[in-house]
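Input: structures, listed below.
First chain A sits with chain B, and in the next complex the same chain sits with chain C.
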Partner chain A sequence: MTLVRRYGLTVAALIGAGFVFVVPFLFIVLTAVKDRTQAAQLDFTWPTSFPLWENFWTVISTRDFMLITAYINSTILTVGSITLLVILAAMVGYVRQRRKAWWNGLVDFLVLAGLMMPPAVVPTIWLLQQLGLFATLHGMIFIEVAYNISFCIILYRAFVATIPREMDEAAIIDGARPMDIFFRVILPMLKPVTITVIVVQSVAIFNDFVNPLYYLPGNDNVTVQLTLYNFQSQFNTSYNLLFMNILLVTIPPLIVFLFFNRQIVAGMTSGAVKG
Partner chain B sequence: MTTTVSTPIAVPAKPRHRRRSSPYPTWFLLPAAIVYGILFLIPTFASLYFSLTRWTLFNSSFIGLDNFVAFFEEPFLIQGVVNTIIFALLTCALKVVFGLGLAVLLTSQIHARGLLRSVVFFPVLVSTVGVGIAFTAMMHPTDGIINAGLGLLGIKGPGWLTNPSLAIYSVAFVEVWRGVGLATVIFIAGIVSIPQDYYEAARIDGATGWERFVYITLPLSRPAMVTVVILSFIHGLRNFELVWAMTRGGPGFASDVLASVIYKQYQAGFYGLSTAGNVVLFVLIAAMAVPLYLYLNRKEGHQ
Partner chain C sequence: MSDLTLKSIRKSYGAVEVIKGIDLEIAHGEFVVFVGPSGCGKSTLLRMIAGLEEITAGSLHIGNVLCNDVEPRDRGIAMVFQSYALYPHMTVYDNVGFGLKLAKAPKDGRDKKIRDAARILQMEHLLDRKPSQLSGGQRQRVAIGRAIVRQPEVFLFDEPLSNLDAALRVDMRMELSKLHQELGATMIYVTHDQVEAMTLADKIVVLNGGEVQQAGAPIELYQHPANLFVAGFIGSPKMNFLPVTVKGIEGDTIVVQADEIDDLRVSIPGATARPGDAMTLGIRPHALRTGADGPIKGTVDLVERLGNETIVNFRLGGGTQWLAVLDGDMPLHRGQTVGFTAPEGEPVLFDRDGRNIAIANPQAEKAA
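Right after this comes the complex of A and B.
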């Protein structure tokens, strides 16, 4: 009796999830491999012809291989931001957790503000122009660091709390300087949370659309998400190409998801249990 | 750790110890503080001034509260403020309801839990603009597969994105579709942390499934609830990508939200007005999310 109910529930859940969550993705994949006329009908049918390679090549080569440029830019942006984020956030999380000081409250307040408050866009553009960082990749890297560091600090601070102070004290007695303690003792022990930070933030920064839209204008600086925006008007009548583009943009997060599913979920749900 | 540092170093270190700084030096905060301070704090404070000006990026003239007056007098700007609030409340409520429902389902004794969790969670990781474009095609009033599916059931589907009074709700629906996976995994983490003993005790006392949900799951997954409510509420207030990818704020200004108004005014060169929109968004978040945060967290502290 319960067995029947359990299987019934399973089947119902699978069908429901299939309709709601799988059909849209199937629709994207199917449309991406159709020819132009069939894709324009926007219906959920099996492709009559498979111009897969053709669609792929057209999307890649549009506007002087813009998508390739975009992939290079997005990679530089993601790797650069994450390297800085990991080191800077770990340093803050470590000192904030270990040291009792008057500025602890201030740090917590700023972290919370960074987490909740939207950035003031136009004044940031104005400031970036003054600093000569507007529409440059390194300027964009600093922006991503500034906007994402709060979340990383919270993760690092929580994890540092689980590392016994005896580790630091042993290093201090051995005569290690603060830099050595941090980089040679603490940072290696933060590896699990560092992996989480890298995975979660790489998806977030790779998928970021708004900030490059504002701070990184220009065709040379295009990022992967902006190609969708740029091609939306260009491929107005070619849904197959637009959807092929979506597909190509979705592949990196999909790979990360397949390999680091657990870390992503752990990172995004951290704090949910403790509050 | 197996370095050859000799112990005698500790001996001369002692008299110096008082003057030497802590092993946790304050300057560790400095690099992060510089980046955050320059690129986040300074613009935020600058926005308070520039929102009171007519601004061309090169020079600004002080015009007092005119920009804010515009925000609450121009119908299309009011629409943006109202839509932002509707969007945030609606997506937040639906994510809580569906997220909790899915979490209960996916922690129950059904099969293929891992697969279902992955399927529900995956949209969170997909490019939001991509999702928006795909759903725009699916919501096409005559050709889209949603209305085609409804047509099979004999229902004539509405123009999801072309009907001005419906557009913002359609976008909100897509946002729920996209974000419910995150709410679900957060709720799952909360539910999994509840000790099984409570459920067993309740079962022995003859509690029904519904009673177990109301008296055990719901109160004990409160921290998860707090996280979901605050996350999705703030995300809803700040939403830009979906609106921009799906409707560009249209038809007309019917589905504009504050973030898209800010972008439109920026594009049009009204930098002062755009910044005022930003300040309105700050105030909205501060006025709604901060009390929410304090309230939800304080209640928890009492228990």
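Right after this comes the complex of A and C.
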């Protein structure tokens, strides 16, 4: 009785959470190692055969090793976007927090507008075409930066507020020029929130399916999420290969998240509490 | 050599004037303390000298160079902040050497300077640590080390000891004093603690409401305060005040009276006063002596017997609270009526505008 009372709720919560988080993942893993016929039933049964290597090789080698190209593209896209996001958002957040100017209100409005207004796809494509950036990887990087920078600016701004202004002044007295102050003193102190931004945004950008679908057509430009279409079509879907593909695409972000879990939470809350 | 000259320095934030025209000469090698209540503009003035605040009007010369629009790094100054402002991601070594690194000093010279500064401050063993691994006093040393290594002409300290505990504060105070003698540089120090001001300074500048109330040697300020504010601010415990009327003048001696005290003779050579003038009498608690037939009579409220001295809180006839610090142990008790006297030379008189009549006599100025 006391055992139930003490641990009952905990166990119930764990079972509930396990059901929500673990069962779908188990389903992916199980389906990925089945053969085609059994996978097509889409049920929760133990695989009768384990064509693990065949499924893996087929997924990798399909359409002239498209998944490898996709990995390279997604990595470039993610690393490029994150680098720009971190530097630009930290700079804007820092200047916006420190400098009192009459256009602050306007800047805040634009930042919030970036969060609230839904992106319009067709005009954006037209603009990209005019600029010669449509269906290019660097054009896609700009899109990801534009869509995500507002959120990052808000995170950075809250965190910069916790850094005493005397820090900047000490650096000024030490002879630092504005760029030195930012890159040598402020940016290193923003490390917790930078880790948050890196993890949250890299997962978001790596997993982005819709935006590359709109803005990045073409077989050479494919990103990992778009490779899912290789095994799914209107009349013919290889579920075992589709789920193997999902598994391969899910693992990298999962590893990032497992490693940086603690820092993410610290970065998310430290700005908020002291703000 | 770098003297510091401030000429009618002003600072306004919009319509609010914070610094209202300050003129000050600081000689090379002087230890100057800016002291005043919070909000008096002492920190702002220091930050203007540092170049962290713009100067609205007036001129600031460091050496012979007009420095109003010179960047802080080119002013030959170094500053120690109240919160130390150490860079948390750098080791002590890098913290101290950051300025040199920015100035692109060669590595050997940089290393030597950092180690020299560490030796002067006895913190060589701390060089590899991060600021978070240091105690308050050690952080303070690092902040001072960061200033020393720049070999500035002028050191600026913004309440550097107020984050330390009382015992450490006394130690650091003595070390700062030693450091000043060792380096021989000009030091400007901001504090609201008048004990720090009295012990450290060659020259104290008392500020209030954005104006210099008085500037001079600590003892000068203690013995000859220019006005009521300085008299009340310098000295601990605080000076006793009482509004009085001039009754008569006998040569250099002015006889004053009030409802609460009998006639009191105050000797002020050269001061002019007329019978009937309203003035404020000021007497330091340490100047009072007990005397049964003394002109000051009070009822004892509280006695603090410390052995070497006795601090007596007493009330004059009209209810004004005064304080007396008497030598030795005095077995007084609450409710007792005690008479006090003050030597003729000790009391100070302030005119209607609060000025010490022994120093600035507006009537004499008018006559001249």
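Rule of thumb we're sticking to: the second predicted complex is superposed on the first by the 251 of 275 C-alpha atoms of A that agree within 3 Å, B and C clash if a C-alpha of one lies under 4 Å from a C-alpha of the other, contacts with A are read in each partner's own complex, and residues count from 1 in each chain.
The rule is short, and it goes like this: contacts are C-beta pairs under 8 Å (C-beta built on N, C-alpha and C of every residue); 3 or more make two chains touch, one makes a residue touch a chain.
As the structure is a computational prediction, the values presented were derived from the model and not from experiment.
Trainee: Looking at A:164, would you say it contacts chain B, chain C, both, or neither? Reply first, second, both or neither.
Mentor: Second partner only, chain C.
Trainee: Which partner chains sit in contact with A:174 here, chain B, chain C, both or neither? Use first/second/both/neither.
Mentor: both
Trainee: Would you check which partner chain A:6 touches, where first means chain B only, second means chain C only, and both and neither mean what they say?
Mentor: In the superposed model, A:6 contacts chain B only, not chain C.
Trainee: Under the stated touch criterion, name the partner, chain B or chain C, that contacts more residues in chain A.
Mentor: Between chain B and chain C, B touches the greater number of residues in chain A.
Trainee: With the two complexes superposed on chain A, say which partner A:191 touches: chain B (first), chain C (second), both, or neither.
Mentor: The answer is second: A:191 touches chain C but not chain B.
Trainee: Quick check on the output: what are the common chain A residues between the chain B footprint and the chain C footprint?
Mentor: Overlap of chain B and chain C footprints on chain A: residues 170-176, 185.
Trainee: Could you list, by residue number, the parts of chain C that touch chain A in their complex?
Mentor: For chain C paired with chain A, touching residues are 50-52, 72-73, 77-79, 81-83, 85-89, 98-99, 102-103, 146, 150.
Trainee: In the complex, go through chain A and note every residue touching chain B.
Mentor: Touching chain B: residues 6-7, 9-10, 13-14, 17, 20-25, 27-28, 31, 41-44, 84, 87-89, 91-92, 94-96, 98-99, 101, 103, 107, 110, 114, 116-129, 131, 142-143, 145-147, 149, 153, 168, 170-176, 178, 181-182, 185, 203, 207, 209-210, 213-214, 224-225, 228-229, 232, 239, 242-243, 246, 249-250, 253-254, 256-257, 261, 264-265, 268-269, 271-275 of chain A.
Trainee: Using the touch definition from the top, list the residues of chain B that touch chain A in their complex.
Mentor: It is residues 1, 3, 5, 7, 9-10, 13, 21-26, 28-29, 31-32, 35-36, 38-44, 46-47, 50, 55, 57, 105, 108-112, 116, 118-131, 133-135, 137-138, 140, 143-145, 148, 177, 182, 185-190, 193, 222-224, 226-228, 234, 238, 240-241, 245, 259, 262-263, 266, 271, 274-275, 278-279, 281-282, 285-286, 289-290, 293, 297, 300 of chain B that touch chain A.
Trainee: Under the definition above, what is the set of chain A residues touching chain C in their complex?
Mentor: Listed in rising order, the residues of chain A that touch chain C are 164, 166-167, 169-176, 180, 184-185, 188-189, 191.
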